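Following this line, the structures themselves.
Common to both upcoming complexes is subunit A, partnered first by subunit B, then by subunit C.
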Partner chain A sequence: MSTLELVQTLKKDNGRVWNVSWHPKGESFASCSEDKSIRIWAKDGSKYTNKVVLTDGHKRTIREVAWSPCGDFLASASFDATTCVWDKKNGEFTCNVTLEGHENEVKSVAYSSNGLHLATCSRDKSVWVWEVAGEDEYDCVAVLNSHTQDVKKIVWHPSKEILASASYDNTVKLFKDDVALGEWVNSNTLHGHESTVWSIDFDATGERIASVSDDKTLKIWKEYPPGNPEGIPTEDKESAWKCVCTISGHHMRTIYDVTWCPLTGLIATACGDDAIRIFKEENGCDPNAPTFNLVATVERAHSQDVNCVSWNPKTPGLLLSCSDDAEIKVWKFKE
Partner chain B sequence: MSRFSGVLQLTDLDDFITPSQECIKPVQIQKTKTSTGAKIRIQEDGDYYQVEEDGSAFKLQKVEITLSDCLACSGCITSAESVLVTQQSQEELIRVFEENKALKLAGKTSEAKLIIVSISIQPILSLAVRYNLTPNECAARLAQYFKQLGADLVVDMTIADDFALLESQREFVRRYRSTENDGVKNVLPMLASSCPGWVCYAEKTHGSYILPYISTTKSPQQIMGSIIKHWVGHNLGDRPIYHVTVMPCYDKKLEAAREDFFDVNTDSREVDCVITAIELEQMLDKDRISLDSLAESTFSEPWLIKQEPTEVKPNLTCHLGSGSGGYSDHIFKYAAKELFGVEGVNLEYKTLRNQDFKEVILEKDSKVLLRFAIANGFRNIQNLVQKLKRGKSTYHYVEVMACPAGCLNGGAQVRPKDGVTVKELSMQLEKMYEKLPIKSPEENVLVKDLYENWLNGQESDKCQSVLHTQYHEVQKNTNALNIKW
Partner chain C sequence: MNLDQLENENPNVFNKTEDRLITAQEEDDNVVDEFDRREIFDLIRDINDPEHPLSLEELHVVQEDLIEVDNHKNVVNVSFTPTIPHCSMATLIGLSIRVKLLRCLPARFKVTVEVTPGTHNAEHSVNKQLADKERVAAALENFNLIKVINQCIANRSKG
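Coming up: the complex of A and B.
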């Protein structure tokens, strides 16, 4: 019987904690909250303690924080329509870049795997790609208006310059740089969810995407490249993406977040029913119709909506969660 | 209404400014006082009737949002406000034409308006490609089409382009000298003002920070408006004029609706209705007319004082530089000569980040004297504005246009045929434009004549008031009701 054991509860903020993000080295993490602060947490002995509070970057709620792959930069997305990039060049974390351009609330921010691009998305329905052009220089290289509604979340492919976004328009979209055209283009649109797609995550290979939605389902999408042995038709030399698994009946309310562990292959979800659930793929199942089993549930993981879950990139089974109840929790998955 | 929205999204150059999520403009409704709550009945046709206690009912006023509402609101920052654009539609244009015809038929010629249609070069080229005509053939047939509809005069807008270039050139030199000699700040770089999408965006999102940099020279459309309403109107016996412009983008409708361009003397807008290439294509389709089947008519030249307008065969010309008007090239050449005595400079642009961002410099003894750029499309506007805000801009002038590839690829130009990309079409239009004979604005004797006879000479107060405008910061209103997690 697998379990998710609570390791530690952290509480400093006065409002809902929106997001937690592990540092790429896996030893520390950042959190952000409704009270407009960013906190950085690291271990003191066996316990995580709050090391740094950054408060002067944003005028409104900070919705998401993201580390650059090198771990030297931290980007924060805020409802004040800006994105800040913080670094420690001067010894202390300071905001050296403020990216403006979104018309209103920025919902999500992420660095590409090679650190050359930063993406943001907003309630203004657009997804922006910024090129890291040099010291504190970010140039906007694309403004993508493919979504017809609020864009909730963006994530990058684990190794390629492919960007995925999830929206209130019930779709997931993929974007990439079309070299021939010299433009970023929307290469795929994944239809299937019946309500807002709140979050998405790639698996370790980048060949599959997990998506979670207001329709209370978790979906698994698989890439079928041109010439795939399954004979799935593709267009214009682009891969096709197909939903190969829909997991329903477990979540009682909106699912707000999903994290797919690159080390263990486990999927964790954060739900509006206050629970955290862990799913595991059945060994040896058909890759074109995989089975994912619910292997652990923590019913009252938090006392309110769970907003975010995040697997540690270095330690298998180490999970963070945060909630509207202003708490951050550290969990350990045990088989 | 749908034809006003969505069209911009048909492009694969995904770089236009799009409409924002929802219209948040609060509208005032005239309410009559009632002692009790009112009963409202909804008719089958969707009309709302208020039912009184005695059983009588009266129709309630519908809330309508006008272009002026859009301009005064910070809710959207769109370049193609896909809201209820009623004053600027094909229907409205046809209605005015029909009304005028009816008056003429009834012998009430004095009550009829003088309908003047001004045509700009970009939609002519767009329609020329669409109907496989040469630019001059296309212009002559458009003139015929408008006259069939009921236009009295059809005129070439090049005269206004020339004014805009000449005024921009002088304005740049004034700004440069005031910075160099008097240390005046916030006047350089001068940013182009002829693109209303860009101006509207700057007013709504960057406010007082960017506006001082935007050239005060009116756009060609609005200069044309002044020429037609003030000068031509006066010349032709002060008859009421209905002025139509044919333009490459929807944003020009917004520009025409600005309060700054309402003329109190004639109690009308300088431009009453803006019609675009794509709408013209739709009108022709609807009337089942192929442009190439029409006869060729003439352009009128009503510019000279106390003379009947002369009729000429369209003889289109182009300006040096971009298909957006050639601002960067003209101002660069003029400034090089005026400020540094360098004549006959050869402009060689260097493409920067992408095709839509290029710069050109004037160097002397390895010192950069002038640094100009052309920045088209939303993302390049973003990078330019951010550079300016961070004090990292080194430019003296930037030709800014909201549409990728500039005005020849304007948001309301005819869409490419199946199998042709937007890029291929805009390259075709660029080639067609470059093949036209080049004419410099300084050579235009009509412009010289108008400066003297109408505007009291160059650099006069009248030039300032007629050919220049101002910009207004739009305050952001954050409405808590709009927040969505």
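Coming up: the complex of A and C.
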């Protein structure tokens, strides 16, 4: 019997905590909240404590924070329509870059795996790709207007320059830099969810995506490259993506976030029914119709909606969560 | 809110319900008093209609029968009925109900505010917007919008 054990509860903020993000080294993390602050937490002995509070970057709710792969930069996306990039060059964290351009709330921000690109998305329906041109220099290289509604979340492929986005228009879209055309293009659109897709995550290989939605389901999508042995048709030498698994009946309300652990393969979800759930793929199942079993549930993980879950990149089974109840919790998964 | 032309010039106006009679048991602090639909109704019945100098109760936009409360599951569901099926104020009315309940009820409650099925042309899209907490949170940081909502939910002198 597997369990998710509470390790520590952290509370400093006065309002809803929207997002938590592990530093790539896995020893510290950042959180952001509707009180317009970013906090950085690190271990003091065996306990995490709040080390830094950043309050002067944004005028409205901070929706998401993301570290660069090198761990030297922290980007923050805010309802004030800007994205800030913070660094520690002067000894303490300061905001040295403010990216403007979105018409309204920026909802998600992420660095590509090689750190050369940054992507942002907004209620203005667009996804922007920025090139990290130099120290404190970001150039917008693409404004992608493929979605018909708010874009809620963006994530990068774990090793390639492929970007995935989730939207209020019920779809997930994939974008990549088409070298022949010399521009970023929408290569795939994943239809299947019946309401807003709130979050997505790639698995360790980047060949599968997990998505979660207001329709209360978790879906697993698989890439079928051209010439795939299964005979799934592909177009224009582009991979096809197919939903290979829909997990329903477990979540009672909107699912706000999903995280797919690159170390263990475990999937965790954050739900509006206050619960955190862990899913594990059955050993030896058919990759074209995999089975994911619910292996652990914490019913009242928080006293209100759980907004975000995140697996530690270095320590297997170490999970962070945050909630409308203003708390951040550290969990340990045990088989 | 001042509009040059009213969308619904001549709405039906209904009588208000009597004030709730408070029983001795309800005043006894030793008795656990759970939320019921009448209490939820009392919280939202006096919200002002954005178009008319009337309350949502007087226009039958909210009705006690269209409220569900489950204290054990911490669920409150409110259906509201726009006076006309093309009412452009539906989202604003729904948002006012939602904000009033968010401010008054304990945070443990999951509040759902939806259009009464079949009473509005854009029912699905209004419901989807009202259910999206990120959009609601962003709307509440919009100074002009929150001013209008506060006007709708401000207490009116009873008379």
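Methods note: the second predicted complex is superposed on the first by the 335 of 335 C-alpha atoms of A that agree within 3 Å, B and C clash if a C-alpha of one lies under 4 Å from a C-alpha of the other, contacts with A are read in each partner's own complex, and residues count from 1 in each chain.
Everything below uses one rule, namely that a residue touches a chain if its C-beta (ideal position, glycine included) is under 8 Å from a C-beta of that chain, and two chains touch if they have at least 3 such contacts.
Note that the structure is a prediction, hence the values are computed from the model and not measured.
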*asked:* Is A:Q304 touching anything from subunit B or subunit C once the two structures are fitted on A? First, second, both or neither.
replied: second
*Which of the two partners, first being subunit B and second being subunit C, lies in contact with A:E183: first, second, both, or neither?*
first
*Of the two partner chains, subunit B (first) and subunit C (second), which one does A:S146 touch, if any: first, second, both, or neither?*
first
*Could you say whether A:F79 touches subunit B, subunit C, both of them, or neither, answering first, second, both or neither?*
both
*Please work out whether A:G57 is in contact with subunit B alone, subunit C alone, both, or neither, and reply first, second, both or neither.*
neither
*Counting only touches as set out at the top, which of subunit B and subunit C does A:S195 meet: first, second, both, neither?*
second
_Which superposed partner A:S126 touches (first subunit B, second subunit C, both, neither)_ = first
*May I ask you to decide whether A:E34 touches subunit B, subunit C, both, or neither, giving the answer as first, second, both or neither?*
second
*After lining up the shared chain so the two structures overlap, which partner does A:G317 touch, if you call subunit B first and subunit C second: first, second, both or neither?*
neither
*Using the superposition described at the top, list the residues of subunit A that contact subunit B and also contact subunit C.*
79, 104-105, 123, 150, 168
*Please name which positions on subunit A make contact with subunit C in the complex.*
16, 34, 60-61, 63, 79, 104-105, 107, 123, 150, 152, 168, 195-196, 214, 253-254, 272-273, 303-305, 324-325
*Which positions of subunit C touch subunit A when the two form their complex?*
107-108, 110, 128, 131-135, 137-138, 141
*Over in the complex, which subunit A residues touch subunit B? Could you list them?*
79, 99-101, 103-105, 123-126, 139-146, 149-150, 168, 181-186
*Could you please specify the touching residues of subunit B with respect to subunit A in the complex?*
9, 12-16, 18, 20-21, 77, 205, 353-355, 378-379, 382-383, 386, 389, 423, 482-484
